[in-house]
Amino acid sequence: MDLASFIGFSVCLILVLGGMSSGPNGVAGALSFWDVPSVLITGGGTLGVLLLGVPLERFLKFPTVFRKVFFGSSPDMVGLVQTMVSFAEKARREGLLALEEDASQLDDEFLRKSIQLVVDGTDPELVKAILDTEIGLLEDRHGQNKKLLDTMAEMAPAFGMLGTLVGLVQMLQNLNDPSSLGPGMAVAIITSFYGSFIANVIALPMGKKLAARTGQEVLCRELMVEGVLSIQAGENPRIVEEKLKVFLPPFQRKRLEEEKSASKGGE
Amino acid sequence: MDLASFIGFSVCLILVLGGMSSGPNGVAGALSFWDVPSVLITGGGTLGVLLLGVPLERFLKFPTVFRKVFFGSSPDMVGLVQTMVSFAEKARREGLLALEEDASQLDDEFLRKSIQLVVDGTDPELVKAILDTEIGLLEDRHGQNKKLLDTMAEMAPAFGMLGTLVGLVQMLQNLNDPSSLGPGMAVAIITSFYGSFIANVIALPMGKKLAARTGQEVLCRELMVEGVLSIQAGENPRIVEEKLKVFLPPFQRKRLEEEKSASKGGE
Amino acid sequence: MDLASFIGFSVCLILVLGGMSSGPNGVAGALSFWDVPSVLITGGGTLGVLLLGVPLERFLKFPTVFRKVFFGSSPDMVGLVQTMVSFAEKARREGLLALEEDASQLDDEFLRKSIQLVVDGTDPELVKAILDTEIGLLEDRHGQNKKLLDTMAEMAPAFGMLGTLVGLVQMLQNLNDPSSLGPGMAVAIITSFYGSFIANVIALPMGKKLAARTGQEVLCRELMVEGVLSIQAGENPRIVEEKLKVFLPPFQRKRLEEEKSASKGGE
Amino acid sequence: MDLASFIGFSVCLILVLGGMSSGPNGVAGALSFWDVPSVLITGGGTLGVLLLGVPLERFLKFPTVFRKVFFGSSPDMVGLVQTMVSFAEKARREGLLALEEDASQLDDEFLRKSIQLVVDGTDPELVKAILDTEIGLLEDRHGQNKKLLDTMAEMAPAFGMLGTLVGLVQMLQNLNDPSSLGPGMAVAIITSFYGSFIANVIALPMGKKLAARTGQEVLCRELMVEGVLSIQAGENPRIVEEKLKVFLPPFQRKRLEEEKSASKGGE
Amino acid sequence: MDLASFIGFSVCLILVLGGMSSGPNGVAGALSFWDVPSVLITGGGTLGVLLLGVPLERFLKFPTVFRKVFFGSSPDMVGLVQTMVSFAEKARREGLLALEEDASQLDDEFLRKSIQLVVDGTDPELVKAILDTEIGLLEDRHGQNKKLLDTMAEMAPAFGMLGTLVGLVQMLQNLNDPSSLGPGMAVAIITSFYGSFIANVIALPMGKKLAARTGQEVLCRELMVEGVLSIQAGENPRIVEEKLKVFLPPFQRKRLEEEKSASKGGE
């Protein structure tokens, strides 16, 4: 679970609702921000235009997208390096075939497949080509989920603006009754508020979180490819570790060192 | 037929019309959004500027563009993988020449041409070069259709703004009659509304749908090239399948497995 | 002559003028859009800033730019493919030297030079390098003409805005005479209108047309390079045609086929 | 310490505070710019949306980011070239192994690691590959710190706008009391002011400073890689210096020459 | 001296001042555009934020930047081609060493260094590598000067807006005195005017001019590298000329031909 996403989203929601209630009318003022036609034209219009602009199978990814934002988690890069190094050691000691059993117990499908390819004795060039294509296409697919949110972030304010223009025209055509000017304009502006809210509190930040997750996942898989190819080439486990450590940010490198010396101390 | 495009476009249209009728004047209020000079300056101006800014042969692609958005369909990638694998098997069993007849019955011109090149014994390098150039130029041509819609999405709000500025100047020059201020400004704003509508409900989302279609088509052809080159290299059909499966998103891979086991079960 | 450019530009002009005259003051209202200080600050300022921001020799390209937009024409790609194929046939029958005379009669300087290089027996690598550099630099030079218009499209609204800010400040400083508020603001807004007009009706669309022309020209020359190199390599004319056909959009391929069968029928 | 950052930030702060106090109410007017609900919705909302949109470990980099902006310093490129050249001389005279001790006394971890790799007799190709990956990933990590500030610069005005829209709606719904119109609108606008301040005085310029620091650091490490590889290849120290001098801007080249002749003069 | 820069800048200045004086108050109206707190918050704030956002050594490049814009000049490409061709002839006749003396008399440091490298018998690969790195880093350094102006063009309107928001809040808080509304708002808007002026009349166009100068300089050096490498390879002077002519725009090619035939006629 991504606690930061929950907290961040709640903070935004509470602060915006608090801002709505901080007017002269208090909480009742916050209620007046709810206007069904405005919700329909902004929210419904945004969904409609997404249906029009995005292939159906991608539009149906919405639940997946939200799940990833709120329930995704950072991959354990340090553990991964340790696993790869232990595989490298085993392969050196017992040969590549010895990895078959370990591979079959891996959770990560990509790593399982990578090692299976190596165990099967596939040509290294081909292994690299297949895995790189797979990473590229994964990046592409995830990028399209982000694009779904980006399109949403683009269309919501546009529909908010459209609604505001409609509201302004209606208000201006009935200017003979000056007392209705204020509320009329307030309603006109509300769609802009909805559009801005959908874009800036929902679609944009979630798209960013998604992109960050994808980046981590891709980095993780590049580490796997690097490791698997080194194992296949029969490189020294120490060199493998050196090569893979490069993928870790400094603080994780330190953690790796600590865990290594801890496990050695425990020996 | 792309049902999602129809539904999405209708939803937007109904919601915007509903918003127009939700004012104090009801449906009559919606009618007052129709203003011939405003339609002319926004819609006509947008078309005029497209004629000026876009080569004529591309401008004439408008009907094609709309047809693709509303009647295009996603290519059947799973079926395509199956076809390629069956070709690989046949080529292994009976030789490349045996594919000539099958190729001539294919609907897709690109795949037909690809296989014909292989059957003709063209050099693999040359096959790849010709097909890659063809994909690149197809991407280019489709990209220009998208650019047509993007230019439209860029110019429509600009002309809406131009119309609004004209309307504002006219209104401000006749400020001595305050009762005309409201309606005058309403008319001025209507062109902005038209411009925003053309851009955000028509041009932008349709451009996105088109780009997504092009992406699918290109991916599909890259799969074909990969497959045809593997067949020409006489690779094992199992390897061919493994290589091509990479192009499928996870849920289609599952479908492919299911269909395979189903067809085996039926054997 | 590029009829579409003429028609498109005229349509925009007529519609905008029509919009100006559709106000309560009729044609007289359109005349009131002409304001000399506003024209000076927007138009003059835009030219001044272009002089400041763009090297002089590029600034002086303005007439060339407009001539290209209104009098440029699409290159005849189909005819070009036919010419190249006929050259390939001649070179095969009579040797490369036989092309010297044909080359000297070509209108296009680039093609003439390309063939001359081949006839001179220049090394293929060198031929490709020289021609690619030439295309790259041509693309660069044309790109700078487009940049001239893009800078214009960027600066004109900025100067319009600058004029409007000046006008607003003047108007607000003389607010004690409320009757002058309307006309004062109208004048202030007129510079924004001019800026928007220059950008959206002149500079932006013409820049796009120019870019499209450049794209066609570059594609055309890439076709020439591909063809000349194939001829130099002594490739089969049928292969040459196959290779070059790839550069044509589908409808032109069809035309090429028709003309070919027509000429065969006529034989 | 980066004095320019301190001075620049103080200047901005003082001028903005001065501007606030230059109104008719003097310093008391400046105090009226402090509005708790507005601070909460803009500042808090921006932080909330960053928590939602940015992985937690990157969000926690905020202190690091500010420390770098205010306390970072430009690397001493001239000294670095001198160090590398002296290493090249020593390696030529006494062999690569002689560098081991010098390396262990270096402050910079990257340079230490680079020389250790060379001393260990690692293959040059592998040295280059490992160091390039390390530079690439460092660039990536620093780029993400910049992205944190860029996201902040993007979201703060959005939340300012959101707050202004909320304020406008509240004000317009209570239009019957005209005397409250001014202050109501003033409060509504204050959130836009906060958002603009956070973006343009804090997030944007600090992000730029960070990017410049990263650029210098990367250039510095590219110089190290170039130098280390030249040393490993046993190149002439004069050539090494020539190669590395290229990385220096002209004024630093001059300084290098001066220091060289000074040290020679001192001999 | 770049006359176009002087004229362009003067034209803008005169037209804007003229616009200021064209109001009902005449020249006195222009004086009212001068407001010290506004100048401080916009101009000072922009400088402050540049100090914060840009490394100090780059910030101090301001005088260099302005000198380049107003006193830079286009390089003489035609003369350069002639020089290179004459070097090629001399090198062919008398050997590479004969160039040493000519090189030492060259004004351009880059060309001098290039030829010195060739005369020293440096390996062609290394010559190319060193010179390419040098060009790349020069492009980088000049690009950062442009970035300085671009940052200025980005921050000035932001500070103008900030000032306007401050002014609006002050004005709205004192709305009980309606007679001050106009002047208050005029002052508020003036900072926006300053920001727009700094960005659009100074920073943006000068940045563009700088980029154009850099482009010319880079092209010039690429020509030198191409020429020096051809000379080193001992290529025929006629081929060298052919290769270098490609770098010239058509009108300069014509001039080159004319000067050549003129000098021949004079022989």
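So that you can tell them apart, the chains are marked A, B, C, D and E in the order they are listed, and the count of residues begins at 1 in each.
Heads up, the rule we're going with is that contacts are C-beta pairs under 8 Å (C-beta built on N, C-alpha and C of every residue); 3 or more make two chains touch, one makes a residue touch a chain.
From a predicted model like this one, the values you see are computed outputs, not experimental measurements.
K.L.:
Give a one-word verdict, same or different, on whether chain D and chain E use largely identical residue numbers at their interface, taking over half shared as same.
P.N.:
Different; most numbers are used by only one of chain D and chain E.
K.L.:
For the identical-sequence pair chain A and chain E, what's the CA-based rotation angle in degrees, nearest 5?
P.N.:
The rotation relating chain A to chain E comes to 145 degrees.
K.L.:
Using Cα averages as centroids, what's the distance between chain A and chain C in whole Å?
P.N.:
That gives a centre separation of 41 Å.
K.L.:
Where the centres are mean C-alpha positions, what is the separation of chain A from chain D, in Å?
P.N.:
Centres of chain A and chain D (C-alpha means) sit 26 Å apart.
K.L.:
Residue numbers in chain E touching 2 or more other chains?
P.N.:
none
K.L.:
By the document's touch definition, which label belongs to this structure's chain graph: line, ring, star, complete, or other?
P.N.:
Its topology is that of a ring.
K.L.:
Starting from chain A and stepping next to chain B, give every chain of the ring in the order they occur.
P.N.:
In ring order, starting at chain A and going to chain B first, we get A, B, C, E, D.
K.L.:
Name, in rising order, each residue of chain D that touches chain A in their complex.
P.N.:
37, 40-41, 44-45, 47-59, 130, 133-134, 137, 141, 151, 154-155, 158-159, 161-163, 165-170, 172-176, 180
K.L.:
Could you please specify the touching residues of chain C with respect to chain B in the complex?
P.N.:
Touching chain B from chain C are residues 2-5, 7-12, 15-16, 18-20, 22-25, 29, 32-33, 69, 74, 179, 181-183, 185-186, 189-190, 192-193, 196-197, 199-201, 204-209, 212-213, 216, 242-243, 246-247, 249.
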